[in-house]
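The letters A, B, C and D name the chains in turn, as written, and every chain counts its residues from 1.
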Amino acid sequence: DRPLALIAGPCQLESRQHALEMSRALKEVCARAGVGLVYKTSFDKANRTSLGAQRGLGLADSLPIFAEIRESLGIPVLTDVHAPEQCAPVAEAVDVLQIPAFLCRQTDLLVAAAATGAAVNVKKGQFLAPWDMKNVVDKIRGSGNDRILQTERGVSFGYNTLVSDMRALPIMARDSGVPVIFDATHSVQQPGGQGGSSGGQREFVEALARAAVAIGVAGVFVEVHQDPDKAPSDGPNMVPLKAFPALLETLVEFDRLAKARPFRLA
Amino acid sequence: DRPLALIAGPCQLESRQHALEMSRALKEVCARAGVGLVYKTSFDKANRTSLGAQRGLGLADSLPIFAEIRESLGIPVLTDVHAPEQCAPVAEAVDVLQIPAFLCRQTDLLVAAAATGAAVNVKKGQFLAPWDMKNVVDKIRGSGNDRILQTERGVSFGYNTLVSDMRALPIMARDSGVPVIFDATHSVQQPGGQGGSSGGQREFVEALARAAVAIGVAGVFVEVHQDPDKAPSDGPNMVPLKAFPALLETLVEFDRLAKARPFRLA
Amino acid sequence: DRPLALIAGPCQLESRQHALEMSRALKEVCARAGVGLVYKTSFDKANRTSLGAQRGLGLADSLPIFAEIRESLGIPVLTDVHAPEQCAPVAEAVDVLQIPAFLCRQTDLLVAAAATGAAVNVKKGQFLAPWDMKNVVDKIRGSGNDRILQTERGVSFGYNTLVSDMRALPIMARDSGVPVIFDATHSVQQPGGQGGSSGGQREFVEALARAAVAIGVAGVFVEVHQDPDKAPSDGPNMVPLKAFPALLETLVEFDRLAKARPFRLA
Amino acid sequence: DRPLALIAGPCQLESRQHALEMSRALKEVCARAGVGLVYKTSFDKANRTSLGAQRGLGLADSLPIFAEIRESLGIPVLTDVHAPEQCAPVAEAVDVLQIPAFLCRQTDLLVAAAATGAAVNVKKGQFLAPWDMKNVVDKIRGSGNDRILQTERGVSFGYNTLVSDMRALPIMARDSGVPVIFDATHSVQQPGGQGGSSGGQREFVEALARAAVAIGVAGVFVEVHQDPDKAPSDGPNMVPLKAFPALLETLVEFDRLAKARPFRLA
């Protein structure tokens, strides 16, 4: 049971300048807390609520920036892929390919991501039971790649609402033997909750993250932004950068206790 | 308020022979009932529960068969697409491109389907509120295509279960002004309900279809198979071909009454 | 398969005058439509959202009014009971004792209601699966009373929202062999949805009632008021009296068709 | 922020002997852990799934046993009440009156419990949103009693399943200013899940309790039995007595950390 890792970063890759600043700031905070950091950012928001919403820098412009962060800061980079043909080029520039929740059942995407040999972090669909993630993980493993992470990010609960079923964490760990990440910022999303965009409940990020860490997870996924209310996407659920160090410190303490008294399903 | 249309066919395109037999049989039944038929079948099941599950004939082998059915029988053909680059070639051979429910938020796929000029039937995601379909429809319309259908197929309700919220039908019709189809066979799916594959409750297809037609829909979507229990996918929720004529006759009578007394939200 | 019956009336017994007017008006509408009427009204709203909300006339003042309606108009009367000791006196004045949804598992109440020999209409709890109603019905039947009705009124779906799972209707009919009523006005309630009181979506009453009747039910339950927006409770989901005749006429036509083509689960 | 308290005991009061043994054993375990104990046990299981299920010793036989435990062991006793007239006599023998979840909206019961002056622990209905508990608490407070506890025990999630929405804990605390208890054993119930009785998932009790304590609660409610599989009710979700000390020790450590770093909603 290794100590908590963190997947963190702003939702979108907004610009080279922004990415370098955010990644440097997060690296510093995580180093001070003694926590391993994977820097997360998206080159394309492929499933925005509305057609006119800002999608990001795009693949071609983003790859050099990913590579620059990775090399200059010496931290692993994660980004999400949306189509099989993106997997190989993206895997050149980043360390972890992430499969979005809506796409977690798309066999071709899983197989293409697996084939790169990069680590794959697959998010659990909002429509999926925890025990169904075994089939998803098996698609990746069955394609010859064992470097797999799986991420819980809430399940549909009525309309425009997600709920975090904390039982999912030990179920997913037991069923597939693959490390489990808790995505504390998408779990508080309110999908479609603002009509033309998604809402969010940033005020619950810490509560849910504490809960997940107390049960025991390999890592926490948190989207962070220096000014969430001005972010082009996911603002309502991102954590402000200045609140991040205290949050991290708290989680590290709970993680220490949780790993000292591990909980596991038989 | 035009009379009920039907989108029907077996889940998978199993072989040229099977497709020709099924489409002929369905055409005959629909003609006898005086109902317009769109023949549905899939060239690729891209999101099977398990990696090893049978996926279908594939794009290249299926297109000539789609074209043959369309020309020899004179009926429109519908199939689902999973990637933007499939849209243009598939639109050469079929009349309606269908967007799968899991993919209903993937902007690039919606835009590519819209760009073909073919009619687009977009399924409502299992994770989506009825009022959120307006944003989905607007992505297609905003790409210059007004030939749009939208299909209700159930919403997540706990684990491995869908529920059909009948309020969704008039909400979707009112909000986007686009014809609403009720998918009576996927609405009774039990996603992941059999461990390595999805279960289904064929016995409720008629009940839900009667309900939807009584409220008033443009069409009903029903997967039909001559021997569902031997079908390579979706067997548990498909309707046996020999039960189909009586089902259709019943729905036509309810539709006549529903259209004579139309229900509309203000 | 007997023709549709109706359980209708205002939520609360507001006054003798109001009750006599409403029951007369409803009797007339139902007679014109050829539909049997059970007049429904409550002497006590025992589970209002807030302490200060108006609860009704109370038991002692209501019983003579129930008796007067029953005798002067010659129609059966239904009211709900909340405690075992209310059952015997109430059964003197009314024909049907109704068990509220929240109380459908309270054994003593079910047994006391059964013991009166009056007909018992038990509402399905918002927290109950359709197949669990068999146990509820069996408590009444096991107490020696076979005059039982069961009523579907929606199931919890996220927060402050109910959904009507239409599969419940044939499941309940099959499992217990007892007539099924669809409560079209409480099914569109939004429990607690207005902070200090419940909201409702009156605009969906007809849609859900059409759906239920098309599947096939013994009766429909509708709360009706001459001026719902001024009613002391359940205003947002009651049907205005002047809209009631057209609604009833539509339901009768769907019922005729549904009974001519009965749907039953094996 | 006072240290964690515990409400614990077997589901049913099975016999005087059993109650004395269980309460003594629990008192000892809690004393060793330095945790305040409220002994919980029921004199009547008033809402069993089936008519034939064992209901308990009954009111008259139980009151002297409650009083004996309270006096001989010097620990507060809690039991649930189901009817207004039970409140006064029960309050003579116990310290805390508990309102069952199904009954949390029954105004007369809340008012009668409040009127005794005893502390009242009200369980949140499985059909209730967290913010709706304020209205429930206000019914008790508005009746002149400020000694109130509120308990989260899961919310309906599809059929025969509950989910613990951990956001409920801080919402309930903020909205009503009343201490929040997390019921870790009823939260893992599967209502009606075994046909004629409820199932349960004892293996998740610790996970959910850790999560709740990490967020911060006033207390945890746990049903404990020396041999759960032979218990007359709730066996599938009760914690075996011999597993209880280790569970408690873990929770105490998480509580210490949680109270040192309190989480509160603004």
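Annotations
Assume a residue touches a chain if its C-beta (ideal position, glycine included) is under 8 Å from a C-beta of that chain, and two chains touch if they have at least 3 such contacts.
On a predicted model such as this, the values are computed, not experimentally measured, just so you know.
Removing chain C from consideration leaves the other chains connected by touching as one piece. By number of C-beta pairs in contact, A-B leads when A-C and A-B are compared.
To overlay chain C on chain D by their CA atoms, one rotates by 180 degrees, a value rounded to a multiple of 5.
A separation of 33 Å divides the Cα centre of chain A from that of chain B. Measuring from the averaged C-alpha position of chain A to that of chain D gives a distance of 36 Å.
One finds 48 Å separating the Cα centroids of chain A and chain C. Along chain D, residues 157, 159 each make contact with two or more other chains. Across the interface of their complex, chain A is touched by residues 157, 163-167, 169-170, 201, 203-204, 206-208, 210-215, 250, 253-254, 257-258, 261, 263, 265-266 of chain D. Across the complex, chain A is touched by residues 157-159, 161 of chain C. Against chain D, the residues of chain C that register as touching in their complex are 46-52, 55, 82-84, 102-103, 105-108, 111, 125-132, 135, 138-139, 142-143, 155-156, 159-160, 191-192, 196.
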